[in-house]
Every structure is written in C-alpha cells, then in structure tokens.
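What follows is chain A paired twice: with chain B in the first complex and chain C in the second.
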Partner chain A sequence: MKSIADINAIREQMKSKVLIRDNTKEGETHVFVGMGTCGVQAGAVEVFNAFVDEISSRVIKNVRISRTGCLGDCEKEPMAQVVTPGAQPVTYVALTPDKVKEIVEKHILGGNVVAEYVK
Partner chain B sequence: MYRSHILVCGGTGCHSNNSANILKAFNEELAKNSLTADVQTVQTGCFGLCAVGPVVIIYPEGAFYSGVKVEDVPEIVSEHLVKGRLVERLLYKEKATGKTVKALSDTNFYKKQTRVVLRNCGVIDPENIDEYIAMDGYQALIKVLTSMQPQEVIDVVLASGLRGRGGAGFPTGRKWQFTKNAVGDVKYVACNADEGDPGAFMDRSVLEGDPHAVIEAMAIAAYAIGAQQGYVYVRAEYPIAVRRLQIAIDQAKAYGLLGKNILGTGFNFDLEIRLGAGAFVCGEETALMTSIEGNRGEPRVRPPFPANKGLFGKPTVLNNVETYANIAQIILKGADWFKSMGTEKSSGTKVFALGGKIVNTGLVEIPMGTTLREVIEDIGGGVPNGKKFKAAQTGGPSGGCIPAEHFDIPIDYDNLISIGSMMGSGGMIVMDEDNCMVDIAKFFLTFTVDESCGKCTPCRIGNKRLLEYLDKITSGKATLQDLEDMEKLCYYIKDNSLCGLGQTAPNPVLSTLRYFRDEYIAHIVDKKCPAGVCKSLLQYKIIKDSCIGCGMCQRQCPANAISRTDYIAPGKKLAAMAIDPAKCVKCGACMSTCKFKAIVKE
Partner chain C sequence: MIKFILSVLTRARNGMELSKHLVDLVTNSIEALAKHVLIMLTAEKGGITLEVMDDGIGIKDEDVRKALDGEKAPRGKGLRLLREETGSFSYRSDDRGTSVSAFFDKTDVRGVGDALIVFWQELSITDITLSTTSPRGVYCFDSRLIGEKYGDLADIQTMVKVRKDVNYTLINLFGGNEE
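Let's turn to the complex of A and B:
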C-alpha cells in the first residue's frame, strides 16, 4: 500500500520518462539534429541523445527533437538547428554532449543564443 | 533513460491486424542491435486512425508509421533507430492531399481534434499504472480525498455542465446529487460499458487505452455519493478491454488506490467487473442493473429511478465509460476549463466512432459544437471514391440520419434532437449515394427486433410488424396506405414501450421518412430502388448493342439465366446475350465480369 507521498514520488520520477511522448506541443521549440552519414560519423547520435536526455530529465515541455538529414556544412558536423517561434533558426556547429547541455540551459530555457557555438 | 520510445497500437483494430507480433518483432530486433537499453517498446491503446493500422509511433520525433507489417520491423530498426533516417515509404500519407506526414500531431486527423477523454489513448501503456500516474493520474482522487467535501465534488461536476455521454445527455452532477440525497446506508456506483450500438467502439477504446481514468472517476463518484462498492458492467465480447481493466484494478489495489483506507485517508472503495453476455437491452440502465443482480436482463418501470432504487434496491449512480473519463480532468482543471469547450448547453468534447463510407475510419474526439462538415471532411477525410455524401447516421439503432442539408449544423445534444437524430453513445456511420435509406432503416430495425427482450408488447410485436412493413416496401409490394399505417405504428411504439430500446426503435424509420420520403415513394410507386440496393426491385439487363457476344457472363452465371439471342449488333461478330429475369438471382456476377460495360442494373 502506498501513501500520497509515494504516489507523488512515482509521478515525479515517471514524468521525465514519458515526456517525450507529449503530442500536444503548442508554441514549441523544435530542435533538428543533422543525422546524415557525415553527422552520424562525427558523433550526431551522442548529440541527439544528449538533447533527449537534457530535455527529458529537466521535464521541459514544448520542445520537440527531430532527426533530420545533412544540414549542408559537413565539415562542421555534428550540427543542430534550434527553431523557436517568432525567431530566426539558429544553427549550432561542432557539437558535443557538453555543449548541448549549455545550449539547453542558456538558449532553450534562458532564451539567449550561445553565440560561440553558432556557425 | 530511454532515448527513443516505440509505441505500438494494441487496440482491438490493430490487434486483429497482428500488432502483438509487430511488438514482439521490435523487441527481438532491438536485442539483435543491442538497443534494448536505449529504446523502450510500449503497447498502447487505440490511436484512433484504425483505417491505416497497424500503427507504430516512434518518439521523440513522433514519426507516424502506418500499415506496418512484421517484415518492415528490421528496416525500421536499422534505418530509423540505428542510422536515424525516417523510413519514408512507411510514413503515413494523407489520402486527401497525398502528402507524406512525418509526425502524428501534423495530420489533419489529429490537428482538428481536442483530446480530453482520449488524452492518454495511444500515449501511455494501459497496463502500467506508473505511466498513468505520470500523466497526473490519481491526482484528482488525492485532491478530492484530502481537500474537498463530497458536496463540493458534486458542485464542481454540476458547474462543469457535464452531461451523460451514453446518449441521453442527462446532467451528471444532478444524477450524483439525487443519489447523494437519497436515503440509505448502502449505495453503489456502476459503470455502463455495455456498448452495443452497431459501429460504436468509443468505450471499448477508453477501457483498452486508459482504464485507470475510469477507475479513478468511479472512486471519486463513490466518495461524492457515499458508496463503498462499484461495478463495471462490460460486455464479454470485449476481451482486451476486460483484461486491461482487470489488470488496472489489480494494480490500483496493490497501490492502495482501491480497497480499505485508500491512501491512508480512511475512505473505502472496491471495484469489481461484471461481464455482460452481449444483449443490447442490457445497455438500458434498469436492465443492466437487473443483469448485475444475476437475473435475466429485462428493464423495469421508472420511476423509481436508480438514484433512489437501483442496484439491489439501493441508491445507485450509473454513468457511461466516456462520462467517467471526463471526471478526473474536471476535478483537476476546474469546471470553468471544461465549460470553455463546447457549446452553452453541451460543454466539453464528444468522442465519435467514424465508420461507413469515410476515408479515415476510426476514433475522433471533437469539442461539442463542431459542425458535421468539419468532422466528415476535415477530420474524416471525406467520402472515398469521389462519391457524394448522402447522410450520416448517429445514435445507432436509437438515432437517426442527418442529411446533407444539415451538413453545417453544430453537433451537440439539443441540435441533434431538433433535427430528429440524437447524440447516442457516439457511433457515426457515413452513407453515400450507393446506400438505400429504406434498407438502412431495415438494417437497424432488424437489429432492434433481434434485441428486443420481449417484456412489453409494443416493442416485441410492434417492431416486428414495423419490420414487415419495411420488407413489403423493399420487395415492391407495399401501397401508399401501408406507408401511412407504418408511420402511425412508429408513434404508437414510441409512446407505449417500456424502456429506451422500444421508445427509440422506430427512430431510424421516422428520420429516414422525414428526409428521404421520396425514396420510400420510389420503392412503393415506381417499384424502383434509386440506390440500386434492394434486390427484389432490381433487374440486370444486357444492352444488346454494346454486347460483343463473348459469352463470359454466361460462363459466370450460377443460375444458367443467360443465353444467346439471334441478334447481332452492328459491327459485332457474334450474337448478343440476354438475361432471363425469371431465372436471374441478381448476384451481379455477370456485371462484374463484363469488360464491355454491356450489363446494367436498374
């Protein structure tokens, strides 16, 4: 038998796990990770996973993460494009999981583009 | 942490299309590629787009794969999950625009819906209580038990304007209030999951996709009216729904969300399933309760209403599955939120099971007040094969037809009644120019005649006589006097039957008479079925000047009704064929064989 506190603990713990299935995102930020051969070769899978982990573990709503094809500048992969409503898309280059953490923190949550990682 | 989730639909539709093996194949394939730790597979309830099943959704992209086969699984795993490339050929293509749609939420089918009742269907694993809890499940029960008085609960439900989704539209809060006020130490809550309308499967999908929502709501209702025991009456023909509901009840008991001293608050409530044997009349509330008591499912006279004298003679609240599925949301988000959806007198949303001549067969949830046109054209994708929309049938055997002239009517309880149909439990069957309206009325009446329990005379005998009139009309033997007598009989049955089944049984006849009287007249006076459905009024004919005399039709005819004539059409080499109407069984085999369009039915 569980107490109310137990149920609430399950809820908090499970929330981050099912968040990526949220289908009703309005005014959402869309993250595209370039996953052409060039991107995958350069480590885009790790970058993609880092985005998913960051967004899920912080229970951030209204962010959708997609895999997409080659973003065109193969030399600077792994790349990702962050599209926020009403703003110009921002393309980040030569990403690593650590840089992703910073981008989620400063750009997606804070609203400030991390200029040093931009193309 | 799982980086990707594969959701495989486990609703009845996709299940019959082998979705269980697709799930198994995904698990095997993921193991082969060492992805088991990164990718979670989940069997969910119905997504709604049953027409293109089996459906598989992969998150975080929300990639929407339709018509997936077991053989496609290795490709999806190696392309999508290993290399990160969507498998274009399996992505859902919108039939109307031919456009490939990548994400589920981008389809017109989903974009125009408002999902309240179905919010968790196709999103969570119905067999895992933790996923329901993650979606704020059981928070409403906690709120009610810790911070609200029973009367406050009823006041919220009352203020929300929620009306019974089983069809009649009685305000749910008032039902609860009557039961709370009723004198008695023992009270019950019951759930009507005896969904019997032909073509309706909303309640099944809710039980299959989100069973805890019903359990939570029943516990809230029990708290509000002062009950400690509940029953869910569900038809045995819904094995997946029954199984998932039982799993959900067991899990809720293990968590202390059902049983004695729930969550340590001192409130007791237990829930049991009762299986129905599939009698349509057991969807009527008094018959349903008689059946739970262990007797033959027959209705009884009301009043006394169940709120005063229901199950085992005790005050009882009985609501439909979809009604319950709204309750937790109303408690959590408030009556004003619920009232903000829908129309003034019908708040909230309604789930419809779209079927018949429609592109997107499936389950849709719309705010009340959405027009029929939006449901059929925008969400449903319109009538297939370029045919013309003729009517939509709502309310099953108790409802009626909505013709094209009312295409722009906002759907709510009162509007549908004003045009001679009714909301019903939410089956919506679309008909095109190839459907004969007399035949449709006959179809529904055959159903009610079969399902009449036989307790009262108007329903038992009246409907049988009514069906005989319809038989007479469709076989071309009726007179205009019969039509008049038939209409009188309809009103007699409506006014004198004991329960809802008999009182509404003539509705399909009355509503088709109201909008399609000309079709009845055509059957009676011209002895013709305009849609070409009623076999006894049809004749297959060979146009002698189009016939090249190949004889294919003669070889196909099972009744030896086709023979060669002496007539050779100009420009043809062989003599034309002809059909002997006395021998013809009207099977249509000749017409589908003829390559020269020389055979017509009229």
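Let's turn to the complex of A and C:
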C-alpha cells in the first residue's frame, strides 16, 4: 500500500499533466514554454516568440502557445512541452530559435518527435 | 494599508534586459490572482523607471524576504535578480495589491512587445495596461482593446501585430534599434 507521502509525490508529478489536459481543446496542439525565472534568464522569451513566428508565418492552424511555470530542470532551460492530440507530451530542452524551427517543421507539422532535443 | 516597504540601492551593472524582468513581475501579478496589471515605463534621469502594479492578493513579507535572500519561496519570482541588476528597487504590498518599481540606467526597451505576448492566454482573466512616458511622447496599450484595434484574440496573427506595434512604438519613443 502506498503512503500519504507517496500519493502526494505522485500528485505533484501529475499536476502539470492534468493542467495541460484540462486546458487543451480537442484536436489542438498546445505548446507550453517554461517561463520560470530560470527559463526567462536562459532565453525562454525568445523561444516563445520563435514558436509564435514559426506558427504564424507558416499559417498553421490549431496550435496554441502558452507560458507555463518552471518545467523542473533549470539547467536545461529554455524548455518547452509539445502536446499533440492523442500522444504523450514531449518535453524539449536547451531550446534555441533554430531548434524551434526544426520542432515546428518535424514534430508539429510532420508528426515526428525530434528525439535529439528531447529531455 | 501598506504592510511592507523595502528600498535598496545597489550598483547597476549589465544584466538581463528590462523586458525580461517585466516577464517575471507580470508573472508574479498573475500568480497573485490580479484582474488588472498596470505597467508603467517612464524615461527619466538618463534611464527608465519600470513600475508594475496589480490588484492581486499581495505577497507576504516573509515570502519577499525569502525571495530576496535566495531561499526557496512560493512567490516573488525574479525579485532578487531585479534588485541585483537595477540601480534602485522598491516594493509595496498589501492584500489589495502590489507595486514594484525599479530604475534601469540604460534606455533599453527592446523586446517589451515580445514580453507582453507571453501572457496572451492569460488575457481572458487578467487585463494588462502598458503606459509609457518619454520626452518624445506618451503611449498607452490596453489589452481590453486588442479585439477592436488589432483583431481576434484567438488568431495568432493578432499576437504578431500587437508585438510589432508595441516594439515599434516604444523604440520610437525611447530610442534604440528594433530587433
């Protein structure tokens, strides 16, 4: 039997996933960019705006970009989580605007996770 | 009634741009359940004073102390860095809201539009007003007018328009190069 501490630990681990599920509309890809202080210092605002640039210039529909809190691994910031319908969330680390272009091209448009940038 | 006032003078040094600090401060306001955040940028004394005010639930003195001491704190993101990197920093908070003010000795407003659109998804619950004053003029951006002035909030092209307009206007008013 699990202890209260175990259950609380599981609850903490699942919190972000539950929030993501609740906020994402059916059929929509949702990109969450980690905007804790660590992320902002590491370049998360540039990464957020790079997603906006790529999604808008390619006129891709059904993609929402949001900020979220620290994604839990400060030394690997900037980080972003890509949630596509029917798939597990994928967390990308140490992002740059160039890596964002590749993720939009291969993952969001092509459906293939860019494994080399995954956590 | 003001519960807490802190004023610290430190030596300014090169660090994170004003726009990045803005992201931390507005995040704090949103986490304090603010319905309205007012950002003021004022050109003075060869630099810029940034003030962020909100109508949120405030922050406890203890949490501010922890944040400034570098201890793990549930609230007060980025305050320590802000204190370290600005020439002056002041803070007031009570249960009706919070105000943070800091002076930046460089007139660098690059990326304020980029910073504002980070909060796009929160605009349905938190209104953001940006009010700026410089010798070249005044400017006001109000997120409640986005639909009327820029287009549908659900359209990503509207985010791009707002970012461009804010960046362009601030560079014209405060000087510098648009990136």
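Observations, loosely collected:
By our rule, the second predicted complex is superposed on the first by the 93 of 119 C-alpha atoms of A that agree within 3 Å, B and C clash if a C-alpha of one lies under 4 Å from a C-alpha of the other, contacts with A are read in each partner's own complex, and residues count from 1 in each chain.
FYI, a residue touches a chain if its C-beta (ideal position, glycine included) is under 8 Å from a C-beta of that chain, and two chains touch if they have at least 3 such contacts.
Nothing here was measured: the structure is a model prediction, and the numbers come from that model.
By the touch criterion defined above, A:C74 lies against neither chain B nor chain C after alignment on the C-alpha atoms of chain A. With both structures placed on the common chain, the touch criterion links A:V113 to neither chain B nor chain C.
Of the two partner chains placed around the shared chain by superposition, neither chain B nor chain C is touched by A:V83.
Considering which of chain B and chain C touches more of chain A, the answer is B.
In the superposition on chain A, A:M35 contacts both chain B and chain C. Under the contact criterion defined above, the residues of chain A that touch both chain B in one complex and chain C in the other are 33, 35, 40, 45, 48-49, 52-53, 56, 64-67. The part of chain B that touches chain A in the complex is made up of residues 1-5, 7, 38, 59-62, 83-86, 102-105, 110, 115, 123-124, 130-131, 133-139, 142, 146, 255-257, 263-264.
Touching chain B in their complex are the following residues of chain A: 1-4, 6-7, 10-11, 14-18, 20-21, 23-25, 33, 35, 40, 44-45, 48-49, 52-53, 56-57, 64-67, 69. Across the complex, chain A is touched by residues 16, 19-20, 23-24, 27, 77-78, 81, 111, 114-115, 117-121, 156-157, 159-160, 163 of chain C.
Residues 33, 35-37, 40-41, 45-46, 48-49, 52-53, 55-56, 63-67 of chain A are the ones that touch chain C when the two sit in their complex.
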